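In the two complexes that follow, chain A is the common piece, with chain B as its partner first and chain C second.
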Partner chain A sequence: MLDGWRLYSAMARMTLMARTSYRANFWLSLFFNLIMVTGELAVTLLIVHRVHGILGWTTYQVMLLYGLTAASGGVFRVFLSELHDFDRYLVNGEFDAILTRPAHTWITVVSRSVDLDQMGWVIEGVAIMAVAGSILGLFRHHALIAGAELAMGVLAGSLVWMALVTAVAALGFFTTRVDEMQPMVLYGPQTAATFPLSAYPTTLRTLFYTVLPVAFGSYVPALVVLHKGPGPGALMLCLGAGLLALALALWFWQYGVRHYTSTGT
Partner chain B sequence: MTRPIIAADGLEKTFRRGRGLRARVTQAVHPLSFAVEEGEFIGLLGPNGAGKSTTIKMMTGILHPSGGSIEVDGLSPQRDRVALALRLGVVFGQRTQLWWDLPLIESYRLLRVMYRVTQADYAARLQRMAELLDLPAFWSTPVRQLSLGQRMRGELAAALLHRPRILVLDEPTIGLDVTAKAEVRTFLREENAREGTTVVLTTHDMADVEELCSRLLVIHEGTKMFDGSVADLEARVGAQSALQVMFRGLPDWSRSELPEGVERATLDGGHGAFLQYNRDKLSPAEILMAMRLVGEIDDFRMEEPRLESIMRALYETLGAS
Partner chain C sequence: MFRTHRRRPSIWYNSGSVTLPRGGRTTGVFFFVARASFRKNLAYVGAHMANNAGSFLFGLIYIALWHAAARGRTLGPFHAHELVNYIALSQAVLWVSVFLPSGLDMAQQIRTGSVAMEMARPVPYVPRMLAAGVGEAFYNLVFRSGPLVVAFTLLGVFPWAAFAMGKGLMVAVALVMAVLTGVLFQYLIGLSAFWTVETRWARRLFLGLSVFMSGQLLPIPLMPHGLEQVLTWSPFQTLVSLPVSTWLGAERPSAWVAGALWVLLLYLGAYGLTRRAQRRLEVQGG
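On to the complex of A and B.
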């Protein structure tokens, strides 16, 4: 565990150092990111506005939920970007080299890139939460507590997304159609999580609390922060669910590694 | 006798391709058993698709065997993959182990952390590698801009930085020019002699084998066909020599029969002949005598038995069986 972290931080540092020459790129992608996030947010809010709030959620409450999802989604985009097109490791046998390294294969793969360009999601997510939270008056009394609750929500969300992206990547050990799975397992639920889950039919809601546990990464933390039912204790449940999901995903990954067949030379 | 550093016992690997009814099962490695002693320089040879790479991948923990067992330095490459990786150095000729976008030297810094090498050891080791492989000339260049020869020197240093007990090389000289090949060979010979590193090498370049390997392991269709020294192999297959004869005018092959065991190929539009024979059974004089009957000899040249022709003869007998 500690070894893994030491290795990860050393490797990530080097990766970042190698990128300093691309600084202009960083600002440019941050700008495009901003346009994308703004567009997405606008569409979400328009929908909420049109249906006069979804099941008792006001526009600004949904905005907060969106910020939470964007920020936690950004964390995995920055740190696990190498898993995004992980199947190339399997298709051309690059994974061979990963297996000859004296570290957990997941750590070795993940530490190969840190995509700072995706930092925009985190920055903008936090900004959106700050704006929505201020308008909703969340920070008026116990500002620190509300901030901490949001931070825990982002953390729980990050764990859930990390678990999902890891599980999707590990599917690559068994099928060559990861591209088709990604929208279903990752991007679909991610968009879904920007709306209050109470808006969905029971089957979908059950799915989001179990197999694709995105509820613990955005909806439940938002409920806590907005005082819509569950108390702060639910945040611990969310973190626990996130950790459990990641542990299961990593187990699935290890199971996949056993089935890695490499390529002929 | 000490315990072998690599021991394979009834090792097997089958691959399933496709799913369901269309699934095809191919057996890449049939029960294969062999042992490598510490400090040996062993060549793993065989025609394409013989199972060399699959064997190497099971040795390094990349693939899980379908049957049998393999033990490397007392560890299971699959169960103790991480522990073994610290004692293994691996070079795949067709694929880089370095960080493509980083200057070569940065790769070494990363490897130091990854393989838990102390600063002092790292400095000493890197200095030695730098001298032997002339690394400083190009180590501030990003790996993707290196020539193949430079990259291979970089790969070797990377694989040996942590003083592995076993070095596994899969076609390390592929695509290199003669100078680069010679440099790589000299370095490997030196490393094996000085550090006592056990080396397992696959190659299609017989000069690599002649210059480096103390022992050969020839596999074909996943089974062991031969295990022994180059001299042993020569004794088994026969020392294949060749004689090249050029005639003045076109020879008339109906005038004399070739001695038994000579294989003839035509050279230079019929004006010449390339004759392969077993030196233990025939003398060149006997062949030349027969040649004088078919035409007027203008010139001839003898070629010493080379591992390349020996291997070709061996592969041909394998293919025939």
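On to the complex of A and C.
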């Protein structure tokens, strides 16, 4: 475990240094991410505003939910970007070389890139949470507690997204194509998580609490922060759910590796 | 399996099992390119079905949202059930106008330098690439939008009742305009690689703007008044709002005028920028 972490930090530091050589690229990506996030956020808020709130959730409460989802979703885009683009490892046979390395395959793959270009999601997600939280008065009396709760929410969400991106990449060991499954496993749930899950029918809600457990990454933490039901203890449940999801995803990854067949290209 | 006309070079369009056109008529070539573009995708139908499941999930999410949020109400020109219909339709339309191959894969041509060969061919480059884009859109219509229409019909949310035969032609024209606008946008994204090397950013800009401005999730008539006026005249409304509103009988004449104007402007822009790009073109080595 410790060796894996050392290897990850050493390799990640190297890719980080290589990436920071292209500063213009970083600022450009931040700008275009800002446009994407603004577009998505504007539509989300306009929908809520137009219908005068969704099932008791006001516009700014949904904004906070959006910020939580964007920030935690951004973490996997930065640190697990190689899994996000895992197709090429399978299609071009690059995974063959990974198998020859003397380290855990998952750590070897994810440490090959830290995609700073995607940092915009995290920065903008945090900024959106800060703005929404201030308007909602979350930081007026117990700023530290609210901040810590939000940070735990982002952490739980990051674990859930890491689990999902790992699981969908592992599916690639059986299907070769990863990108075509991402809308179902990543983008769809990510969009769903930006709205209160109470708006969805039971089937979808069950899906988002179990197979695609994004509820623990944004909705439940938001309920806690906004005092809409569960107490702070629910955040521990979210972290536990995130860890469990990641453990299951890593098990599935190992299972996939054992069944990996090279494309031979 | 791979049949080609013997008197023509076989490298015209690398697209799998194709038959090159007989005779030298340019329109035949464009049809051939579009058909080749359609056929090359047939190899990935299975993978695309997995993606369709994702689109279906997106549709379900927004349908559930509008259902919960607008139940029993009328918002602008739409009743609650029409908003649900709107989302089902827009998910199907997105595949022929917004979710087309990024930059029509031109960035690859520009990076490898093969664009020089492509531009030197005796058939004009711009309409040829646009024909390839139309082929992609037609494939998406059959294998991406089609399954979604079936799924939403089974779910009882696809607005067949709103479709009157008299409107069929109008809907078809609106869809053609949506395809042309989408293909022209992708062409311009691809062309941007002449100046920026990669098209990732242009693609993100397009997607970011289209989420907000095309009316794919929030119908344009439901936007705040000033914004609605601006968006009605934007090229993005042609991508989704125009065909969907036409189907539902909620389109505005100004949207048609704006759509036609933008198709023309985007085509002229594509042509002019291609000429500039050709002047920049420099091929190294042999």
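In this text, the second predicted complex is superposed on the first by the 261 of 265 C-alpha atoms of A that agree within 3 Å, B and C clash if a C-alpha of one lies under 4 Å from a C-alpha of the other, contacts with A are read in each partner's own complex, and residues count from 1 in each chain.
Just so it is clear, a residue touches a chain if its C-beta (ideal position, glycine included) is under 8 Å from a C-beta of that chain, and two chains touch if they have at least 3 such contacts.
Keep in mind the model is a prediction, meaning the values are calculated, not measured.
With both complexes brought onto chain A, simultaneous placement of chain B and chain C is permitted, the two fitting side by side without a clash. By the touch criterion defined above, A:Y209 reaches neither chain B nor chain C.
Put simply, if you stand at the Cα centre of chain A and look at the Cα centres of chain B and chain C, the angle between them is 80 degrees to the nearest 10.
Of the two partner chains placed around the shared chain by superposition, chain C is the only one that A:V43 touches, whereas chain B remains out of contact. In the superposition on chain A, the chain among chain B and chain C reaching more residues of chain A is C. With both structures placed on the common chain, the touch criterion links A:R101 to chain B but leaves chain C unconnected. Residue contacts after overlaying the shared chain place A:F26 against neither chain B nor chain C.
In the superposed pair of complexes, A:P201 makes contact with chain C only, with no contact to chain B. Minimum Cα-Cα distance between chain B and chain C in the superposed model: 13 Å. On chain A, the surface touched by chain B in one complex and the surface touched by chain C in the other have no residue in common. Those residues of chain A lying in contact with chain B across their complex are 6-7, 10-11, 14, 17-18, 93-94, 96-97, 99-104, 112, 258, 260-262, 264-265. Residues 15, 49, 53, 57, 60-64, 81-83, 85-86, 88, 90, 92, 94-97, 99, 101-102, 106, 109-110, 113-116, 170-171 of chain B are the ones that touch chain A when the two sit in their complex. Residues 28-29, 32-33, 35-40, 42-43, 46-48, 50-51, 54-55, 175, 177, 180-185, 187-189, 191-192, 195, 199-201, 204 of chain A are the ones that touch chain C when the two sit in their complex. Considering their complex, residues 44, 47-48, 50-51, 53-55, 57-58, 60-61, 64-65, 68-70, 73, 75, 201, 204-205, 207-209, 211-213, 217-218, 222-224 of chain C touch chain A.
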